[in-house]
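The data blocks that follow each hold one structure.
Shared between the two complexes below is chain A, which pairs with chain B and chain C, respectively.
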Partner chain A sequence: MKSSPVMLMMYNEWRRLWHARIPVLLLLVLIVLWAISAIAAHHHWQDHARTVTQVTERSLHDWESQPDRHPHRVSHYGDFVARPIHPLSVIEPGILDQSGHLVYLEGHRLNSANFNPATEATSAGRFPIITPAMIVQWWMPLFLIMIGYATITGEKIGGTLAFMRGNGMPAWKIATGKWLALFIPLAILLLAQALLVLFWIWGSEQALVRLSTMLLGQSLYIAGWCLLVVAISWSNQQLHSGLLALLLCWVCVCIIFPRGLANVSQIMHPTQPRTEAEYHAEIKLKAIGDSHNPDDPHFATFKSNLLKAHGVDRIEDLPLNYNGLLMQEGERLTTVVYREQQALHEQQLAKQNATIRQWLWLSPALALQYLQMASSGSDLTHHLAFIRQAEDRRYRLIQYLNQIHTHQVQRHDDKNTRVSADFWKKAPRPTISLAALDVSQTAIITSIAVLLAWILLPLLLLSRIMHRT
Partner chain B sequence: MKQELTHLLKQRSILLLLCISLLLTWLSLHNGWQNIHHIREQISHAQLEADLRHQSQQADYASRAQIDAGEIGYYLFHNVYQHPTEWSFLALGNRLVTPYVQRIRLLGLQGQLYDGESHHPEYVMLGSFDYAFWLVFFTPLICIALLHDLKASEFQAQRLVFLNSLIANPKVFWARRVLLRWVLILLSLIIPLVFFAIAQSLSLKPLITVIAITALYTLFWVVICLFISLRKQAMNASLNAMLLASIWLVLCVALPNLAQLWLHQQYPIQDGSQIALQHRQLVHNAWDQPKTDTLNPFYVHYPQWQDTPAVTGRFHWKWYYAFQHMADVQLQAQVTDREQTLALRDQTTKKLGLVLPSLWVQHSLENIAQSNVTHLLTHRRRITDFHTQLRHFLYPYLFEEKAMTVNDLVNMPTFENQASAPVHP
Partner chain C sequence: MGELNMPLLSIAQLSLSYENHVVLNQVNLELHNGEVVAVLGSNGAGKSSLLKCILGLADTSANIQGDVRIADSSVFHQPHLARAHLAYVPEQPAVYGHLSAIENIRYFLSLDNNPERAEISDCLSQAGLPERAWHDPCQTYSKGMKQKVMLALALAKQAKLLLLDEPNSGLDPQATEELNQLILQCKSSGMGVLVVTHDVLSAMAFSDRLTMLASGRLQPVSIAQSSLTLDNLKRLYQGQA
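For the complex of A and B:
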């Protein structure tokens, strides 16, 4: 069987790497590291998954085992929800540790998911964590550099490159052969991971779309790095300078740019401290009116409109419980303020994101991270979607309770009434589900664009220098 | 020695590397400083707003004849601040995540203590670029780049045999070479550090400790590089580089990760939110129970008020604050347990640091920066003390139903006064 020159180049490169022994060894180390990361990540994931199931079970149990109560007591007793996690987050846990995953839902308060385990980490927690996503994002390129930095420089030094070119081998064929030799083993590893993960996530929400998005991103990223290694290896005359240049690229792209960008965006558009946000919300709440104050202008109009609508003169003559109606109106108003406040917070986060996105082209590693986080459902947009769902559930639940307060409780004996526990069981408590992948559409598109650009960049470099030798 | 130096600095790549090291050290210091500066600004802004609020509240209370102490406990929030210390910029550690301003009122403390800060979670996840990270994680790479090909480069330049025949004492020759490189690496780290310390007029003692740590850690890596690159068969520079990079990967990534994993497995703790949740449940159950069930155990802790008038009505503030406090008391065992486990985790990290230099450096620098989990625990203890002081201030008005006027509010404890003595480990 006669192979094409490109294939021959590839086989020859493999033969060289095999005989050099170090590259094979490195590949083995990478696989071992991968296995460690998978075990660690699985362990970590299980912790979270356990918390989510426990919290969900407990919240149902606590809710349903409530005795006969006054509905307003129930609305303060509240309900709590845990953020659902996708099994794919075993690959990329994303902001799981940083964002908190428990939200308390109660009447006229907006609680947010705010306990983050990262607060209490010891010094050991400050080291970059290894997850399967990190392996692809950081360690695979690093190993690739160590395996492949000599790929063309070596041929140059040995004189074989000039020989091949002299024999009429086109430069692009050499480059393609070398690129394939580096890319194919890593692509096989990525595919193997994807297949293993497929078994793991089988049957979960949008399993195939999410996994294939992730695989696409990873393949583009690794393809880009392979090209960069070939291009830089071609442009250097000395092994050393090539290695140094590649390592420098790696340090900047993988570590300095992402961390630097995050820091810059945080300093340029600081988020308001939680305490300040809470004070501001309280000031706004005071401004809209106090339902306990009989002279408050807003609630005075509310009352007179209500009386007019029912054609009565006193609230005692209303067919409904005025206190319950007051609660409903109050809840509506406070919810507006809290949602405004949340929108403000989201705006601040969006500003920070925009700053990072503006400079995202600097770092394909960060682009890949966004893509991996988005596809594993552990990025900021998925988290915010969860917060919105939780808030929606809170509002519906509280207004249901206020309805019961209005219809089932008599005003003259309001404070002493207890309503049957059956009403709690019928309360609307829609299940919280993971948001669809569409919420992170912008992040995915931007990331893929950046990854594509990072394939073009080394290609341009390569096409400029290939002809010189 | 001078010849060595000129020889070394003539190599463009080495000069470039040293310049990069110099630049990145400065960048890491600057970045850490910016973060701490930001925290300081936010704190002073919060203090300013708190003062304004305080003034308007005073005016509001002054207009009333009598003040309801129960309402003071419920509606009056007190800011507590976690101030960065002078050297905090070295290692941001927990300060990146913990809230630097929190607000506390007289309700149960365990329901308020675990509220996190509303940072951008992705930003926190990416981590920051501070001196500790730069030193622990990257200086080994600089050492490797400068020292992996001591013999191999001479061999490749076909000078090694020549050199061996020339030099009288090879040990002195190589020692001089290595020493020079170590000093250059060290200088590239220390010069920005010293300049920074002078420019910001920082205290000297921590600076010397930091320099010592830096010197020891880089020396450790230099010695490792020596072992690899001065072996008898160390003629293949790439092999050396890869061996050293693997060692780096193991010492700076794999082992710390495994250490963290083992630590969490060995000393598991409850999520802080679970404590807050239990607190809520306890408080809610108290509403449904007879008032004596709350008040009798409370009076065991505070016998001085057991003879005060009994609560007969549907609601009384003293009963309300008693069950808030009793929920804290009931959780006390769990909270102490949690704190002890966290402290144990930290101690074990320190012990692990004795065999894992990267961890030792990180831990030591965080101690200088006071941004470790132990400092968080100290801070929480101060909040607890402050909360207790507040309770003791308000209890007489609640239990003895003493009348409260605006003049009494002057004596109300504040966190800043209480915490006037800075905490040093």
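For the complex of A and C:
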């Protein structure tokens, strides 16, 4: 069967690379690096998964083993919830290591993990862990540059480009052949990774759509890099100038812009440290109402309204335990204030992310990272969805306990009363589930748009310079 | 009758200029089958630009007027048809070092969608490449051997027109002599050959006509072997001959 000139060009480039030896060695090193990262990431993921399972089981066991006791003690005994992790996060653990995967739920507290996502969401903060996602995002382009920087410049220096052009070979066929020669081996690696992962994630939530989104992003990203290598190689007359230009692009796209964007967004929209946020919450709480202060106006009104509603003059005459009602109202107020603080925190994070998204076109590497984190359910949006579910669970649980306090505990014997352990077993502890991929829709669409533009840019450059021999 | 008289290469009123610089100024040239024409010229005279125009690879930012036709196909309007009759050998022999002579020829013919019209081994023999080297990677070849591979490719392609860019540069006298003989072989096989060169002595050895590119114009020159002195050559290159 007769091969097309484009395919012949591709085969010949492979033969050249094979003959040169070093590119083959580089490809092998990349594969070894990828294998190491896959093993390390799998080990890391297993650790997470094991901890999540152990803690969840232990927490359920401990919760249900509680003896007859006072409901308020139960509310401070607390409950652990584990953040559900998608098996695809074996490729990209995202902010999991920064945000943690366990939250302790107790009365009057909002124990969401305090972290700084805009900074942590960028790669530079994650040097210690090599993940398969990082291989695609950083190392694959770097190795590609080292393998392919001479792809056209070498032909120019050897005179074969001028010869082929002079003998009627269209420039676009040469560029396509060279691009395919660089892209296909890497695409095979990406596809192999996707197939292996498919077995791993089979049966998990939105497995196919999440994996396809990730593979699409990775393919666009690497296709863009291959085009850039061909374009810059074509635009340079000397090997070292092409190599330097490509390395400069890599440093900007993979290191400087992601880190710079994170820092700028953090400076523009700073988040409060946890202690500071708690301090502000305490001040707000004192201003709204202090249940321990007998002269507090809010609780004075609360008490008088309650007495009026039940047609009595003293709390001792109430048919319910006033302490339990006080706990309910206190919890309601505390939750309002802490949720406000959490909303402010999330608002700042959203602003940081919006700033980064606005400048995302500067760094397709960051766009890919957003896409990989979103696909694997390990981005900020998925984390916040988990925090909201956990907080909802906490509030429902604590208010359930406060209800028991109100109805099952007599006020005159409040401190000595023990309530049956059966009540803890019936407590609402809704399952926390992984948010659907839709929660990260904005990040996904923006990232794909950036990655498409990333393909167009070197294409435009190539179309401008291709006529030069 | 018309076909017999039709020039293989016809350059008519070809002008090429950039904003403030005229490179070629109304150049005219005709070359027929079995004819060898040498284009001489000093550095920067526009020889490479002329070659690029014939190849249809002139810089797109340049202002080009006139026409170049190969076997009656316009290089500018029917580049694929025109190039089908053309074999081009650049100054630096363009062979892949990792491929052997045979593989190089086969590869370039396939790229061009050219069937192997002639036996590659015959072409290599004709080009004078020693048989023991045919299967060695070309990176072990001398420049002269690489030139022979390029010429063998031109023979295998059975092109009507052969364009040679500084074919003798960097060759020792023995290799130069062998190359000159090859050009004459091509001529005798009916091929038209256009050679761009600095080497007046060689050009005189294989050319039917000598032309000089100076100040953007291409003019015929006539030199007698006996009048080849350094002063005469200087005058020739300054366009004063």
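Couple of notes before you dig in:
By our rule, the second predicted complex is superposed on the first by the 449 of 469 C-alpha atoms of A that agree within 3 Å, B and C clash if a C-alpha of one lies under 4 Å from a C-alpha of the other, contacts with A are read in each partner's own complex, and residues count from 1 in each chain.
Basically, a contact is a pair of C-beta atoms (placed from the backbone, for glycine too) under 8 Å apart; a residue touches a chain by one contact, two chains touch by 3 or more.
A quick note: this is a predicted structure, and the numbers were derived from the prediction, not measured.
Touch criterion met: A:Ala162 reaches chain C, while chain B stays clear of it. Counting residues of chain A touched by each partner, chain B versus chain C, the larger count belongs to B. Contact with chain B, but none with chain C, is seen for A:Leu33 once the two complexes are overlaid on the shared chain.
Residue contacts after overlaying the shared chain place A:His76 against chain B, while chain C stays out of touching range. Once the two complexes are laid over each other on the shared chain, residue contacts for A:His19 go to chain C alone; chain B is not touched.
Shared interface residues of chain A (contacting chain B in one complex, chain C in the other): none. Within the complex formed with chain C, the chain A residues making contact are 2-3, 5, 8-9, 12, 15-16, 19-20, 158-160, 162-169, 467-469. Within the complex formed with chain A, the chain B residues making contact are 13, 16-17, 20, 24, 27, 31, 34-35, 38, 42, 45-46, 49, 53, 77, 79, 91, 93-94, 97-103, 114-129, 132-133, 136-138, 141, 145, 149, 237-239, 241-242, 245-246, 249, 252-254, 256-261, 263, 265, 269, 271-273, 276-277, 280-281, 284, 287-288, 314, 342, 345-346, 349, 352-353, 358-359, 362-363, 366, 372-373, 376. Only residues 22, 26, 29, 33, 36, 40, 43, 51, 62, 67, 69, 73, 76-78, 80, 94-95, 97-100, 102, 104, 112, 114-130, 139, 142, 146, 150, 239-241, 243-244, 247-248, 251, 255-256, 258-260, 262-263, 265-267, 270-279, 345, 349, 352-353, 373, 379-380, 383, 415 of chain A touch chain B when the two sit together in their complex.
Within the complex formed with chain A, the chain C residues making contact are 55, 57, 59-60, 79-80, 83-84, 86-99, 107-108, 110-113, 137, 150, 163.
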